[in-house]
Structures are given as structure tokens and as C-alpha cells.
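Going by the order they are written in, the chains are A, B, C and D; count residues from 1 in each one.
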Amino acid sequence: MIRYILRRILFLIPVLIGVAFCVFTLLYLTPGDPARMILGDMATENAIKEFRAKEGLDKPFLLQFGNYIYKAITQGDIGRSYITKRPVMNEIMATFPATLKLAAFAIVIAVVVGLPCGILSAIKQYSVFDTLAMIFAMIGLSMPVFWLGLLLILLFSVHLRWLPPSGFDTFKAMILPSLALSAQSISMITRMTRSSMLEVVRADYIRTARSKGQKESVVIWVHALHNALIPVVTLCGLQFGHLLAGAILTESIFAVPGVGRLMVESIKMRDYPVVQGGVLFVAVAFSVVNLLVDLLYAYIDPRIKAQYR
Amino acid sequence: MKKCSLKKCGLVLLAFAFLLGGAGVAAAKDILIVADQYDATTMDPIAHNDVPSSRACYELYDTLVFVDNEGNVSPGLAESWEFLSGTEYKFNLRKGVKFHNGDEMKAEDVQYSIMRATTDAGAKIATYSQNVKDVEIVDDYTIVVHLKLIDYSFFSSLAHSWGSVISKKATEAAGDSYGMNPVGTGPFKLVSWQKGNKYVLERFDDYWGPKPQYKTLEVRSVPEPTSRTIALETGDADIAFPIVHNDLKRVGENEKLVLYRKPQNSTAYIGFNVTKKPFDDIRVRQGIFAALDIVGIQAASYRGIGKVPGTILPSAVKYSINDEIPPHVQDVEKAKKLLEEAGVKDLKLEIWTNERKERVDSATIVQAQLEEIGIKSEIKVLEWGAYLNGLMEKTHDLFILGWVVSIPDPNFAVAGLLETSAIGASNYTFFSDTALDELLREGRSLPDGAGRQAIYKEMQLYLNEQLPMIYLHNDESIAGTQKNVKGFSPRSNEIHSFREVYFEN
Amino acid sequence: MTDKTNTNTNDNLLLDIRDLTIQYVTDSGTVHAVENLNLRLGRGETLGFVGETGAGKTTTALGIMRLIPSPPGVVRSGKIIFEGEDLLEKSEAEMRAVRGGKIAMIFQDPMTSLNPVMTVDKQIAEMIKLHKNVGEAESLKLAGDMLELVGIQRERMRDYPHQFSGGMKQRVVIAIALACDPGLLIADEPTTALDVTIQAQVLELMKELKRQFDASMLLITHDLGIVADICDKVAIMYAGRVVEYADKRALYTSPLHPYTIGLFNSVPDLDEDKEALNTIPGLMPDPMDLPSGCAFHPRCTHATEECSKSKPPMVEAGPGHFVSCPVRAGLKAQGGE
Amino acid sequence: MSDYSAAAPAVTGRKSRRGLAEVLFRLRKSPLAMFGLIFILCLAFVAVFAGVLAPYPYQKQNLMHSYETPSRQFWLGTDEFGRDILSRLIYGARISLQVGFIAVGIALFVGGMLGAVAGYYGGWIDNGIMRLMDVLLSVPQTLLAIAIAASLGPGLFNLMIAVGIAAVPNYARIVRGSVLSIREMEFIEAARAVGSSDLRIILKHILPNSMAPIIVQSTLGVASAILNAAGLSFIGLGIQPPYPEWGAMLSGGRQYIRDYAHLTLYPGLAIMLTILALNFLGDGLRDALDPKLKR
């Protein structure tokens, strides 16, 4: 198992270097001179030249990239923000908790709502509940998060005055953004749980369990659910990864000071190192979550565990 | 069974999430909560030239002199001053002023602060600092600032956030991270800063001047106008700004709230790239101007806020004749005639703007009105970085941009925009005119008085004729507060001050 | 068909299915899976339940277990009398005591019959705990005993199903089924999914265990060879009905129903040197749209006009030899053949 | 149970249909999928004939009529410039569908080719391509699209490219998977035996045979492309005014949400219904095309 984890981590390195390269290239091609962005429109040519020299922006592309990677690997240094001059890592870590909170909240909501809905839908297949749940799930999937966010603000902040539309400090203020962000995940988890349950409930071993004289509740909640959960857990993990990264729109609607907003602001400000670091960070977080999901997968499915050698 | 442990996992996750959430703390009125549009970018006074950062710096630092809304200068960290010559200013510093770290402010710190602004670290505010030759320390409480050229506008610029006095020791110790760890002499010190969300300042009890009447100042960044107004209405914020046009009535008519409006020293303009044909032809610029119903465009885009400028100087800036110019009248026939004279046919052009809604709106109407005189145009909305970069490349035609005059001296309203030396910096029209340059030089070299006034009047009229840019809008500073918030008044340079604010039951 | 009950005394009768009709009601129509089925099984007997795929054998078995998936399955009518009590009258709770405790079932595909995320000992122990009054530890110990009984080492009891081969899995399934000493064992094609070599071993095991546990067995299969090997009696099923029921000897020596004869003819006989197998002409009818009268008549070479009109009743053509074909039953009665 | 499910294929009474007709027949049995199909067809019709159908030109300003609520003159009301919202939505359909389909076209072309080549040749080519796809996949799609859109700059075409490129790995994976499963089949061997070129085999034999999952993924892909594009426009990295992209309309109206909610409601509804329709259609197609579910 440990060997497997180590191998997975080892495989991650070239992928991340690839990510870094892609992002580096993209930003290199992006119009907008970082020196001018940072020094301001009143800066002299000389100041700009010196800045470029100091930050290595006048070096050839590959050299710049090589330098970046070298520092990242040897010193864990992924550069400093052009704007605040702080290490990029600090900038990201300052905003990451908000994103993590948002994503964690959203995934908790999604699981708490989606899982029971999915199970109930499957148990009562073709019932009114099932039909409604499936239609709502489809609507949830189709709802643009930025529109849902605005509607939630309109309803809960403007009309009902129950919840604040911004400020991510209090529990109350976190409800709307988490809710908006979770909509898609709720839908996906509901659908996935339902179809997985339906498939499992038809499985032969469920019939075996029934033929033992087992109670229906035990059959559903122990035998069926455990098996049905396997793909759902994977989905939840993947969703969590996506939520971490996909919170960009939600963060900008509800003014959540998270990584997503940091990225968008940094793109606008030409703060290259932060954008690079941010994408890299998200990719790492995404990959780590995926790895954790795979490990969790092994934990709940002995068949998979056997393959992790 | 395995299932139980799964359940446990879920519970732990849930508990974890709730822990993370924490609980909101309701505080007594010893805290002032401000809802600003954007967060500060840095709290290093010379590393920025943006308004939200300036506001933060204003509370954290003091400058040698203070300038009020009307341009009157009053003593700050300097108790008194003396103009030794056109290029030498002597300042007598206040004694016993403490930095937030407990050290006393001395001449050495002032010298360090001003000279640091002349290095690359101060590239963003180089317009103000570039004229400094040297700062001479006479004794611990006396300094003399030496300028390279005579420039009477320099003195009042010291009240700008760039002139903030920082602690030499603390700044050198902090190095690159100083922007997050500011040490000033101001009435507030930094407690915490959650970037992109809010910063929290606390009253500095050793402050040399009148101390604020409340303990904590919290400035939140709330980019959405609707959210800001809601925060005000629900009492989540004590002060909120800017208030947008469609919320004016809502705030103004709310019995629990007070709406403040103040003309702002800023000019939004539609600039021409005068190096590009056919905009190098003054007749083309005048023709396009004639074709536009600027009054209508301003009214439609800004919806009752601000006014159409008469000249380049906002009304509150010294020597402005802004309000004396009669309003512009659209004249399509004149426009056609002028363009015909210039031999322009089938003109196609691009109108560039950044994402700011009112500017995009203006561009959209300009586009429609230009079509009426046969000019086809395309709007390009660019995000800020690409916009500035594109402007540097001189490929643009028409562009909409704004200019805020932080120091109410006429020089700063014109020089950065149109002087030849500002090409390559913030002169995006690339207007280079010897007559204007001479007027600017003369304006700087004269102390305030009738002579200076005459020069700036001439300059304003000259620019109205040359038309490197069409003035679109003089903005207003609009803020809303709770009714119990007293002592607040928006400032025309948007650097609102919170130190005098107090609560009335 | 009351006449049928005369042949066996009620004491000896374990299972008596009367007029059982089971349908699947779907959007596209009603599937007549089991139609007026009659079947009986004495104590200690092994009944071979033979028919083509889709004839309704598994549905009958699930019907006995009351495990017909509903919807779409509906038991329309009939009685399933087990140990003198009608299972269809029982409450779900009572039924749970029967399942596993008195009637156990072995399913066709051992690969999918075991819960993949549970160790095998727990799956056996689950059965034991449900029907015997024992604790967790005791049930696991008994599970280990059962595993040894079916020829799996006790050390492997903590393994997961995927760690076993197909034959081993079926042994586990058998261990589960026999764990609570059921009176009736229903085995639904227990060897079909296994390799031929394994099939024999598993069959041998079942035969041995059946004897050891003194259980009755309902063996569902389409393999007449297996029937010949272990069954006492045979029921032939076609399109939801039992068409012929007899003891093994009678059936193998003198099959009466044309379908039964067709089945025998389609078994390859190594002794004969035939070019092609005798197959039954035509296809199984659409269970949503069964032919009128005798369901077999469109494929039957003996069919008369009457066959397409009324459903043939079950008649006793010889002692304990029932057949639902008036044509052939008549021949037998006349001493023809 | 097995008897029951096994019994079903024995139903042979119906005429068997081939290809498209069969798919359409099965699709018709799902009312939601049919709703999706009809909605998208109508939308496409509206988009194509926007010039005829829209009551006003999309950029026509009428400042006397700004912020009007729905009326007989302006069915869905007007925006801050007095532009007719219905007309803008109609023209917006053109943009959204264009973005959706062209972006998926780009993704499908690039991803399909890469996937086909990777699957067909295997070995280091496969390895190289798929590692590159892993790299792209490890950056979440929205973020990737934002990064690409930011570096290309705003504009319709750039938006399509950004959204398209971000979706490439999805298609590469699907096509590669299908190709791997088909590659060793007999008819491919046969084609190889008669000397067909690799390209011909890929284009003529392999790609058509991996059509089913591709069609489903593409339908759902158009939905997510439209959603992504609207999101990018919403944060200002997308379409430029005065073009009435739905996400941009939504973003423009958000300031007025308290007073004139119809500025945000209708564009949001338009996006949602379109995505909903595409999702229903995609789901229906999956059921109709999935041989496992053939009844």
C-alpha cells in the first residue's frame, strides 16, 4: 500500500511539471507586461527595465521556466507576488482556508442532501418523490452557479433579509455561497446514488441476502448501500476537487476571499507568479484529493485494495 | 461493520465543517465597520497608487502636512515649515511622535521615507517623487527637502499617501514583506489583514493627535454594489461606498441611513490616439466631438451621478473654470462637415474600454451615435492588464479612461495625462505639444496667485480647442452611513477619513 | 387435480404448489411467467425442475421464497403449501424466518451471489445469526465449520469473495444455504456458470451434503444429465406450466409429453451416430403473448385442432406419472406407444 | 429474475430498425429527451432566423424606454439602454449555440484525433499524448478555460478556443477508450489485411464505431461549453458588448437585480433551459444508444 502511494506521488511530479509548463507558456503568451502592471502607468522606462532584469523577465523563455522549476523543487519556492512582494505560497495559504471551508461546506451539504435523496429515489423508484427528485437534480445540473447565486441573494438577502450576501466571516454568511456551490454536486450525487443503488439492488448478492431471511432494512442499508457507495465516494472526492477549483464564480459573486478570487484578481493584475503558483497549487490539491479518494476507495472496496500492490 | 466507520467519517467531517465555520461575534459599538469596494493591495505607502490602499495608508500613517477638501494645508508631522527657495523646503518636525512599535519618529525616518520613494520601490508614485533631489537632516527634528526643479505643486503632494512617514528600522527589518506589516505613526495600527476580504485596525493609544473615539476599524471589501447597499440596510456595515445610482434613492429615503454626495476630483475621458491617422487631424477630433451628445451619454451612463466636465480641471481643483463653460451641444451637420473637410470617409474605428460598467455603457452609446455620421465602430472591453498594455502599443483609436486628481493642484490634473514627458507612462493619447508643455512648466514654477491662475485658465481653453480628449464625466464620491454615524464626510479625492467618526446613540 | 393428492400421503408431503400464477406487469405488456403451476415435493426427495431458459423455473423458485421482485412481479393466484402452511398467507416477518431457516436457495452465478465487500465468514455468520440463537463469536466459529464442511480451509474464512475461484465461491454459497439446516434446498442451476470439471465436484458435494443434512431439494436445471444423476422425481416446465411430472425412471423410460420427448431428442447421444441433433422446431413463445390452448401446440407434431382451443389438464397417465397432453396421455392409456 | 430478464430479448415481434431511425424511435419513448430535442431544434431555428424573428435589432437603443418591465411592446422588457431583452436573447441564442457547438467541434476534432492516434498506435505515442491529457485534466476545466481565455484576450473566437481546448482531454479519453476496444476486432484486422492505410482505418472504421459515446459526450459537452462560456463572460473574460451573450447580459444586469430583476431573470432562464434541454437530450441519447439497455 505504501509503495503504491509513493509510486502515485512519484508519478505526480512529471504531471505537475507539465502543468507548470503549460501555465508558464500560457501566461508568457498573455498580452500585458507584468513590469508595467506592477510599477504602474507612471513608471519610467528605466524603472521598468530594472524591474524586468531583477525578476528575470528579460531572460529567454526556457531559462525563465527552468529557473522557476529548479527553485520550486530545490527550495519549495514558487516565487513572490509582484504586488505584495510576499512569497506566493503565503498568498495562497492566506486565501486557501476560505476556499477549503467553502468547498467542505458545499460537499457536506451535497452529501447530506444528495445521498438520502438518491437512496430514497432508488428505493421508491418511479414514485412521485423519485420523479421530482430526478427533475430537480437535472435542473440543479443545468443551473448556472452564477445565476443561482444571484437568485439566492435576491431571495434570502434582498427580500427575506435572512442571510447576508457577502462577507465570509460568520456561519450565516457562509450558507448562501455554500448552497450555491453545492447545487451541482447535490444533483450529481443524487443521480449517482440513485443509479448505483438501483444497479446494486438488482444484484444477485442482494437476492442472496434476502434469501437468508434478512430484514429488508438491513439488506438496503448494509448490503446494498455499502456497495452502492463505492462509485458515490469516488464522485464525492472528484466533486470535492472540482469544488476546490470551481469555486471561482461563486467566490466572485459572494465576495469570498478564496483562491479562486485570488486567481482572477491576479490574472487581471498580471501577477504572474501568483497565477502560476495558484494553478499549480490547485492542480496539486486536485491530485491529492484524487489520491485520497483512490485510497478511500480501497478502504471500502476490498477488490480494489487487492490491485494496489 | 465498515459502514459504521463510514458513518463516523461523515460525522467527523460535519463537525469539522462546523468548527471551521465558527460563530459570528456581535460587538458593542466600539467598532466601525466600513464596506469598501476593493481591498487594499499593499500597505506600503509608496508601492501603490490606488485609492483603497491610500485609504488604508491614510489611517496607518501621517504625512508632514495635511490638505483638506478645499486644498487648505494644515500641519501634520511637521509643526511648521518654511520655503527657503523655490527648490528648498524646511520642515520643523513634531516632537514625541511615536511609531506603532513604540519608537520615536525622528528626522532620519522622514529622510528615509522620502528618499525611499525616489528609488525603484516607488516607481508607482514616481510622478510625485521624481523631482526630489535630496533630503537634508539638520537635526533630529528638522529637515530640508531639496528639489531638482522649481515646482510649487510638490508641496501639497506631500499630503498624498506617498508622503507617509514610515519607520526606517521597521521597514528595513521587514524587507519585501513590509507591505503586509506596516509601521506608521497614524491613529490606527494594523491588527489583521485577510487579503481580498477585510483588514482590521485598532486605535493606537500613543497617537500624538486626537485619538479616535472607537477602538476597532474594520474595512471589508464588498465588490458587489447590491451587497454593499444590503450590508448598509441590514446594519452589517456602518459606512458603505461607493453607492451606485440605482441605490441612491434607496439609501437616501431610508430613515435609518444618511446619504452623502460630494463632487469628486476626477475626470473620465474619451481619448484619441493622436499619433494615428486620421486622429492626428484636429478637425477629425472636433468632428467626432460634435457628433456626440456628451450630455446625453453622461446622463444615460452615469444616471444622475456627476456631471459633464467643461474643462480638464475638476471643479474643486484650484483655478478650474470647469463650471464656466457652456454645455456641449451635439451638431451632426457640423460633424459631417468637419469630417468632410478632413477628407475622412468610411471611417472604421475601435473604442477601447475596461470592464467598468459605466464606461462600457458610454462606449455602447458612442458607438450608436457615431453610426449616425457613418462611422462604424467596434467596442473592445479589455481587462485591466491587457488594456494598459494595449494602450502602450499605440494601436488604439478611441479609448475611455479616467484620471483621479489625488492632490488638488492643477498641475497633477494635466501633467500626467498630456505632458510630453508622460508619454510612455500615463499619456495614452500620445499628445505632445510644445505650447502645452511650456504652460505646464510655467504653472509649476509660479507660487499660487493671479499669475498662476491665468496660466491654468489659458491651458484649459487651449486643451478644449486641441481636443486630445473628450471629457465625459466628473464623478461624485457617494457614501451611505447609518444615522448614528457622525463626523464622517466623503472627501473629493476618495481618500475618506474615519478617524473623526463617532457614534451617536 | 385433487386426484393427484391421493398418491402421496399428506404427512410425507413437504411442498405442494397449487395453481400458482405469477406475472410480470411491465409497460410493454404482461409477462405470463408462471401459469397455473402445480408441483409437489416429498420429504427427502430431490425434484429436478427442467425446462428451457425463460420457462419460468427461476420465477417459481423465487415465488416459493416470496422474493419475486415487485414491481413488476405479481403473484396472481395459487397456494404454496410448505409443511402444511401456505407461504403466500404468511406475513413478511414470518416469511423471513422461513427464508434461510427452512428453505434455502443456491443461486446460479456464484460470481455475483456473494457480497463483494464482506468477508465470507461474515456472510455465512449472517445467516447463522438470523436463524440460530447464537452470538457473534459463536456464529463465526460455526461459519468456519461450514466452510470446512464444504471443503474450504478455515484459514481462508477472512478472505473476500474475489479471492476465491468460481467453484470455491459456489461452495461458499452452498455453505451459506446449508448453514441453518433447511428442510428444503432450492438450487437454481448451481453449476451452469462453472467449468465442466468443477461442475462434477460441486454436484458431488451437493449430493453428499443433501444426504448428510437430510434435506429435500428442488434442483432447477436444463441439463437432463444432472437430473439423471441426482434426482428422484422430475418436472418438465414449458412456458410457465409443468407439462410432465413423474419419477425419474418413468420419465426417462417413457416420456409422454411431446416437449419432453423433444428435449430428450436434443440431448446428444454419444452412442448414436447421428449427423444432426433433433431439435424442436420453432422458438419459445413470447411470454407476453402465449398461444391459446396448449402453449406448445404451434411446435407440436402431435397437435390437434383441440390443442389450440383449451388448455390441456394434467392427467395421470401412469402411477405418479402426470402429463398435460390429452393426446399423448390417451395413447398411453390405450396401451399404445 | 434471470428468467424474466432473459425472456425479454426473445421478443422478436417488432420490426428491427437500423441506425438513426432506431435511435429516434427509442428517443421518442422518453418525453424529457424529446422535450430537449425539440427545444434545441427550436432554439437553433430561432438562432438561424434571428434577423427575421427578433422584434428589434439587438443593439437598438431607446433610452426613453430603459428598464421597462415586460409589456406588449417589449415582451420581456428592456434593459438599461432600452434595448429589447427578447431580441437580445434571440440573438444571444445564436452566440451561445455557436460557442457551444464550435467549442465542442474544436474539442472533438483535436481530442478525437489525439485519442484515435493514441489508441491506435499505442506505445510511446499513446503514453506521450495521454500524459499530456493527464496534465490538462489535473487542472480543473473552469480554471483552465479562464487561464486560456485570459491569455488569449476576450472575444467570441477566443472564447470558443478557450472553452474548446479545456474540453479536449474528455474527448481524447473517450475516443482512445473506444479505439482500444475496437482496435483488435476482426473487421479491423480484415481492413488491415486488405491494405487499408492507418488513417483510413481510423477515419473509416474506428471513429464511426466509437460514435455512440462521442455523441452522448458531445451533447453534454455542448451544454457544459455554453455554461463555461457564460461563466467566462460573466466574470468579464468573454464576449464583448454590444453582443448579447447570455452570461454577459446576466452580468450586466446583476447591479439592477433589486429594482429590475427581469434583466437577470430572463438571460439566466435562457441559459438554464438550454442546458436543461441539452442534458435531457444527452441523457436520452445515452439510454437510446447504450446497447446494454437495448430492449
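Heads up, the rule we're going with is that a contact is a pair of C-beta atoms (placed from the backbone, for glycine too) under 8 Å apart; a residue touches a chain by one contact, two chains touch by 3 or more.
No experiment lies behind these values; they were computed from the predicted model shown.
Peer 1: Counting C-beta pairs in contact, which chain pair ranks first?
Peer 2: Chains A-B share more contact pairs than any other pair.
Peer 1: Measuring from CA centroids, which chain ends up nearest the centre of the complete protein set?
Peer 2: Minimum centroid-to-centroid distance belongs to A.
Peer 1: Let me check something: if the centre of a chain is the mean of its CA atoms, which chain is farthest from chain A?
Peer 2: Most distant chain from chain A: C.
Peer 1: Where the CA atoms of chain B average out and where those of chain C average out, how many Å apart are those spots?
Peer 2: That pair's centroid distance is 88 Å.
Peer 1: Which integer distance in Å separates the CA centroid of chain A from that of chain B?
Peer 2: From the centre of chain A to the centre of chain B is 37 Å.
Peer 1: In whole angstrom, what separates the CA-based centres of chain B and chain D?
Peer 2: Each chain's C-alpha centroid was found; their separation is 44 Å.
Peer 1: Once you find the CA centre of chain A and the CA centre of chain C, what distance in Å lies between them?
Peer 2: The answer is 53 Å.
Peer 1: Among the residues of chain B, pick out those that touch two or more other chains and give their numbers.
Peer 2: 2, 224, 226, 383, 386
Peer 1: Where in chain C do residues touch two or more other chains at once?
Peer 2: 69, 108, 117
Peer 1: At least two partner chains per residue is the criterion; list those residues in chain D.
Peer 2: Residues 1, 150, 153, 254, 257-258 of chain D each touch two or more of the other chains.
Peer 1: Which residues of chain A touch chain B in their complex?
Peer 2: Touching chain B: residues 30-33, 36-37, 39-45, 47-48, 50-51, 80, 83-86, 91, 94-95, 97-98, 100-101, 104-105, 108, 111-112, 153, 157-158, 161, 164-174, 221-222, 225-226, 229, 252-253, 255-258, 261-262, 265, 267-270, 299-300 of chain A.
Peer 1: Can you list the chain D residues touching chain B in their complex?
Peer 2: Listed in rising order, the residues of chain D that touch chain B are 59, 61, 63, 66, 80-81, 150, 153-154, 236-237, 240-242, 252, 254-259.
Peer 1: Chain A touches which residues of chain C in the complex?
Peer 2: 65, 67, 69, 71, 92, 95-101, 104-105, 107-109, 112-118, 123, 126-127, 130-131, 160, 162-163, 173, 176
Peer 1: Considering only the defined contacts, which chain B positions touch chain D in the complex?
Peer 2: Checking each residue of chain B against chain D gives 224-226, 229, 244, 246-247, 250, 296, 300, 355, 357, 360-361, 363-365, 367-368, 379-383, 386.
Peer 1: For chain B, which residues are in contact with chain A within the complex?
Peer 2: 1-3, 6, 10, 13-14, 16-18, 20-24, 41-42, 47, 49, 120, 123-127, 130, 176-180, 194-198, 220-224, 226-227, 230-231, 234, 236, 383-386, 388-390, 392, 416, 422, 424-426
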